[in-house]
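Two complexes come next, and they have one chain in common, chain A, joined by chain B in the first and chain C in the second.
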Partner chain A sequence: MFWNYGIFCAILSGSSWGIFWQIILTILGILTTGLQLSLDIAPSLFSGALIGFIYIIYQKYIQLKQHIIFVIITTLLIYGVTLGDPYYGENENIFIELILVLVTSIFIWISVYLTLKNISIGKLSRYQSEKFYIRLLWGLGLITLILITLIPFYIMVMTSLKNQQSLILNPLDLSLDFSNGFSNLFISYIELFKNYNFHIFLANSFFVSIVTVFITLLFSIPGAYALARLRFPRKEWFSSSVILIYLIPSIVLVIPLYAVFSQLGLRNSLFGLIIVYPATTIPVALYMLRGYFSTLSSEIDDAAIMDGLSRLQIVFKIAMPLSKPAIVSVALYVFMIAWNEFLFAFMFLDDPNLFTLSRGIISLNSSEVPQQHLMAGAVIATIPIMFIFIYLERFLISGLTSGSVKG
Partner chain B sequence: MEKNVKRKESILSIREKKLAYSLILPTMILVLSIVIIPLLANFWISFKPISLGDLRPPKLILKESVRSKLSPTNDFAKIQYRYRNSSSKYELNEVAFSDLIPKGIIVTKIKSQHDCKIKKNKLVCKLGKIKPKAFGKIILTITKNESWNDNDNPKYQKPIAKYKSINILTSLEFTFENFKKIFSASEFWDVLKVSIYYTFFGTVGALLIGLFTAQIVNKSFKGRSFIRGLLLFPYVSPVIAVAFSWVILFDPYSGIVNSLFIQMEVIEKPINFFGQKYTAVSIFGYEFNFPLALTMVIMFEIWRYFPLSFLFILARIQSIPQDIYEAAEIDGATPLQQFYYLSIPFLIGIIAVLFLLRFIWTFNKFDDIFLLTGGNAGTRTLTVNVYEQAFAISNLGAGAAVAVVIFIFLLVFSVIFIKFSKKEAI
Partner chain C sequence: MSSIKLKNISKWFGNNLVIKNINLEIKNGEFVVLVGPSGCGKSTLLRIISGLEDLDDGEILINSEDVTNKIPSERELSMVFQSYALYPHMNVSENIGFSLKTSGMDKKLLKKKIAEVSKILKLDNLLNRLPKQLSGGQRQRVAIGRAIIRQPKAFLFDEPLSNLDASLRVEMRLEISRLHKQLGITTIYVTHDQVEAMTLADKIVVINQGEIIQVGSPRELFNKPKNLFVAEFIGTPKMNVLNCITKRGFIYLNGKKDIKTNIKKTDDEIKKIGFRPNKVSICEKEKGLLTGEIKFIEYLGSEQFIYVDCGIDEKLVVVKTNPDYKLPLKKIVGLNILSKDLYFFLKNGEVLI
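Now for the complex of A and B:
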């Protein structure tokens, strides 16, 4: 069939990369420069297909230096197909357009070059053609995934750095305006800390999360050790009830806790949250730590018992130091859950002096507060989590996969 | 000799057992008291006619005021006690109060419908039963005696009230009204349908994208671990931050998606992605109503949770022995054949477990939908309905009844999950 031929693969890959990069880079161009560019996929489709065609014919003669020539050919093709006007926008800026077209050409060329490696012009074997299609799909898929993942975060950060006027004037213009000084970019952040008590929210969030981590560890380390190492009747029952408990959703617990805490006067207090949070995180921590403790060799325990250590001493002097990485990852994970928690904070807290960040950001979600403030709040809530995550990603991933995870 | 050894072992094992219980029981008790007790309490509340306002138990409000002050020139004054039942629904029983009368003051007259007496400088009034919202007053006429001085203020001590009131939370009043109400409401079945639709497509979507992502990231390339971390961002960041950035991204007036679509002439009018229940879509001349807001909410769910499926599937892929792929390669198996005949059989177990686990958690999801649409525009799931009933309509009992329905579903799913996860240890 026709799709087994190298020449078809070349044209297909050229045109798909052409459309793909044209769409993405035009949108990026609009968002970063604020120019009103129009999106027309036809030029890149034709240029991409042509460049794929040229490549597959001349590939034998291509050397490293000729990449530049091919990029230039692609650029010329795009300009040629559009009769010299690739983005027929209103506020034209020829220089920026040229850069955009050049970047588009570079991306198209590199992508075409990488996907068409080892593909000859004639009929391909099933193995070769599958490899090609998978490579094409892989490239398109990877870039799409990265973009889809990042776009909301990009919007969040960029919106928080804009001001009300320019957002209303042109919502698509996310370019940064340095003309009013550097500190003017962060005006929403300054506003949040000055007028909306965000320093209090931050402090409350840190306080609640850290206390939750400590209580969780205090209770789950001994429990997990017992579940992993000691023999006792009904051990299985304990283990499976831990799993069951962490399948119970907060929404089922929120009404009775609300009712009882209201009557006990615990509802509108951080203490109430500090009681509830560990109960929801301990099962996860137990599960993760139990998995880790049972990977430790039990011979160490036996040796320690021979040396006269009691079981409790073993927990503190042997098991805990050995499982430091696991404990750190559990601590971080628990911190993350407590920091991100929204339902109980939303239900329980009424007093603005007690708000955690999640609760505080909810209060920004009204028509009176401009959206760049809301986004600045979102950035403030996300940054600590991102730091933890980037710094300790490896720990966290191994921890997440070793014990399954609450969502 | 042998007996001795056995006995020693059993002493050790008893010690071990004691230690184990002392390590695990405090943890279990804490968790049970915050999870299991509220769970049972939820059942209790679901059978009670209780609203948000009932959480404040009925109180007797008692106020004392003095009319015309006693002074060296004024011999007579009046003390007035006014009482009121704060509740509009429940009566107060065995109400009584007492108040100390200063020594220099003599009560000359008591004007009251109730049984009020003076005993040793103390006024004791028995008011008995007070109906909801009922109020009344008691007036004492007082005068001064020889020992009176300026400090003898009749108000120097507050009256002490005693009464019994029903606490609706702990009373034994039960009703089926809550369940009747939620099951007979026409929207309930819609809510259930939306819940299942959301859960199913959210779970399957996140799993498929996760599987796809795992295949992509499994190939080694430069910066792979960086990309792997990056793809987890949606899962680790606070729900509140990402939900609001989606809302702003798709905002009908100032959202980037709408502005882009309009500028590129894909659409003419802005679309209210999170606020429009249906949008008419015609494919091949056949028109149907596409549930827009619900689909958007499902997309968010997939976006936020595909990292988790991806992480688990990737971990499993990387534990597959590589030599079987090498052998297949030598035998001339194509990539698709390798995926179909080698990878899938290895992954099917983890996919099944992930499906069930994610199904349960997606079913339980509240935050995401609540923040994105508030349960409007045809996106109200059972969990949002709990909030809606209990806190928006302030009928706690009905909310608890919906929570019971959720719990029963959950129980069924969990039984299936545990059966599966025993086969496939995760």
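Now for the complex of A and C:
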């Protein structure tokens, strides 16, 4: 079929990379320069397809010099297709436009070159066509994924560093303004801690999350061990019913809980949250840990029993050290749930001194508080999780048990 | 130093009676091997003795003291597992010393003991390694070290060699045998490999379907099997067993036509006849008790096995011969067996004595 031919692959990869980079670089251009650029995919589509076509014909003669020539050809093609005006619109800055087109051309060329390398022009073998499609989809997918995660974060951080005036002037212009001094960039953050009690929110969030992690592990480790190892009546029924709590959306739970907690005086207290959070995290922690415990050899437990350990000692001295990666990932997961939890915090907490971060940020969301403060709050909420994750990531390596049983 | 006595032990798994009323006496210092096909309950029996598995009926006595309701560590037995079951997060010396450390032994004394044990097992240079840095044989030795450091009343081995490769298995078998001679501790050893059983045991206990079939020394079991199961289970290659009937005082073998033999037996109950491959001799086809065509020859260097099709029950008769004896395939040969080497099996599988 036609999709097995190198020439089709060349045109396909050229046009898709053309569209792809045109969209992305235009968006990035708008976000970094603040210029109003128009997005038109046709020029890059045609130029990409053409450059792919040219490449597949002349691919045997590629050297460094040719790379530069190909980039220049792409640039010329883009200018040619758009009749010399790639980003039409008002207030044009021809120099920036030229750089953008050049960057776009470089990216298109590199991508096309890498996906089409060693692909011949005629009918492709199964191996070759597979190689081509995997390269194309891998590249497109990977870059899309990276951008989807990074762009919102980038917007968040950049907005938080701007001042009210420039944001109102052009909310899309995310270029940094150093004219008022470096420390002025962080004015929103200083403001948040000074006037909006963010240090209290931060402390509350840490307190609630850490206690939740602790309580969850306290119950789920012995519980999961029991489910994985011990024999008791109704075990299977019990272990699967624990998960049933996830059938009930928390919005359904929150209303009766609100009523009950009000009566008991648990509403508007962190203690109330510390009761609710583990209740939602223990089931899944139990499930994850149980799965891990049952992969450990039960002969190790038998050996420990022969060596005179009680079941509880086995949990602490044998099972826990061996399942460090699982426990760390469960702890991380529970910490993130508790840290990000919004609904219960929003419903239960009224006193600003008890607000957790997510609740605190929502309290900023009024017309009086500027947008960059909100963004700064979001950054403050995100950064601890990021660092904890990066720090704990090295504990998540598995393979700790290798060598205990037959090898 | 102790004797172990099992009295009327039974164990149910759900609705299955997996251990059926077992009685067994193990003398002080004896090396007892429990052997049987997989799923026969031998491992379960060992776990019952160790206390890892509770029993539904019966008593266990160690040095005539009832330990039936005692927890495993109070029974002062130690066990070596099939998968070694070393603690992966502890190094060799921690693994070996773990039980004594748990019982709160003084650190200096513990260190001395670990040094002693590791010397016996030649683990001196590996004390700081983690289990994953050891080879299979070394891991096995650590597991044994963990067992002997406590100076237990008895060792329990649960198929300890089945994860090792063939040559290492032979080596470790000798090692275990040497240790037993050196330490003289009562040992119960579970295996499905009858070669291990024959080579290691003072006393073999053959178990099938949760019941003890026969107890005896390797020699006894080989030469005087109590029934068809033991006769077929012990010995490689397996005993040749052929269907037969008695007619007018002679044994007839079942073939396309019944083959009359010159063996005289009057007992009508005889249904099967058996003989060991090493007790068969090959002769001219006219002179043989049986005649048949050579189908396969397995040459093993020090011996060779010859498979002869005698046309009986579609079964090949195995003959173990001198390896220098060259025979062509498809040759018709006669087989001779001395009548003293024949075993006669009754309808219920028992051996006729």
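Note that in this section the second predicted complex is superposed on the first by the 313 of 407 C-alpha atoms of A that agree within 3 Å, B and C clash if a C-alpha of one lies under 4 Å from a C-alpha of the other, contacts with A are read in each partner's own complex, and residues count from 1 in each chain.
Just so it is clear, contacts are C-beta pairs under 8 Å (C-beta built on N, C-alpha and C of every residue); 3 or more make two chains touch, one makes a residue touch a chain.
Everything quoted here is computed from the prediction, not taken from an experiment.
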| item | value |
| --- | --- |
| Partner chain(s) touched by A:Asn118 [first = chain B, second = chain C, both, neither] | neither |
| Chain B versus chain C as contact partner of A:Gln66, first or second or both or neither | neither |
| Partner chain(s) touched by A:Lys131 [first = chain B, second = chain C, both, neither] | first |
| Most chain A residues touched (candidates chain B, chain C) | B |
| Touched partner set for A:Ser294, first chain B, second chain C, both or neither | neither |
| Partner chain(s) touched by A:Ser358 [first = chain B, second = chain C, both, neither] | first |
| Contacts of A:Met306 with chain B and chain C, given as first, second, both or neither | second |
| A:Ile282 touches, of chain B and chain C: first, second, both or neither? | first |
| Footprint overlap on chain A, comparing chain B with chain C | 400-401, 404-407 |
| Of all residues in chain C, those that touch chain A in their complex | 47, 50, 52, 71-73, 77-79, 81-89, 98-99, 102-103, 130-134, 136, 139, 146, 163 |
| Residues of chain A touching chain B in the complex | 27, 30-31, 36, 38-39, 126-127, 130-131, 134, 138, 141-142, 145-146, 148-153, 155-156, 159, 167-168, 170-172, 174, 219-220, 222-223, 225-227, 230-233, 235, 238, 240-241, 243-245, 247-260, 262-263, 275-276, 278-280, 282-283, 286, 311-312, 315, 336, 339-340, 342-343, 347, 357-358, 361-362, 365, 371, 374-375, 377-379, 381-382, 385-386, 389-390, 393-394, 396-397, 400-401, 404-407 |
| Sites on chain A touched by chain C in the complex | 297, 299-300, 302-309, 313, 318, 321-322, 400-407 |
| Chain B residues within the chain A interface of the complex | 13, 16-17, 19-21, 23-24, 26-28, 30-39, 41-42, 44-45, 50, 55-57, 167, 169, 212-213, 216, 219, 225, 227-242, 244-246, 248-249, 251, 254-256, 259-260, 263-264, 303, 305, 308, 311-312, 315, 332, 334-336, 357-358, 360-362, 364-367, 371, 383, 386-387, 390-391, 396, 399-400, 403, 406-407, 410, 414, 417-418, 421, 426 |
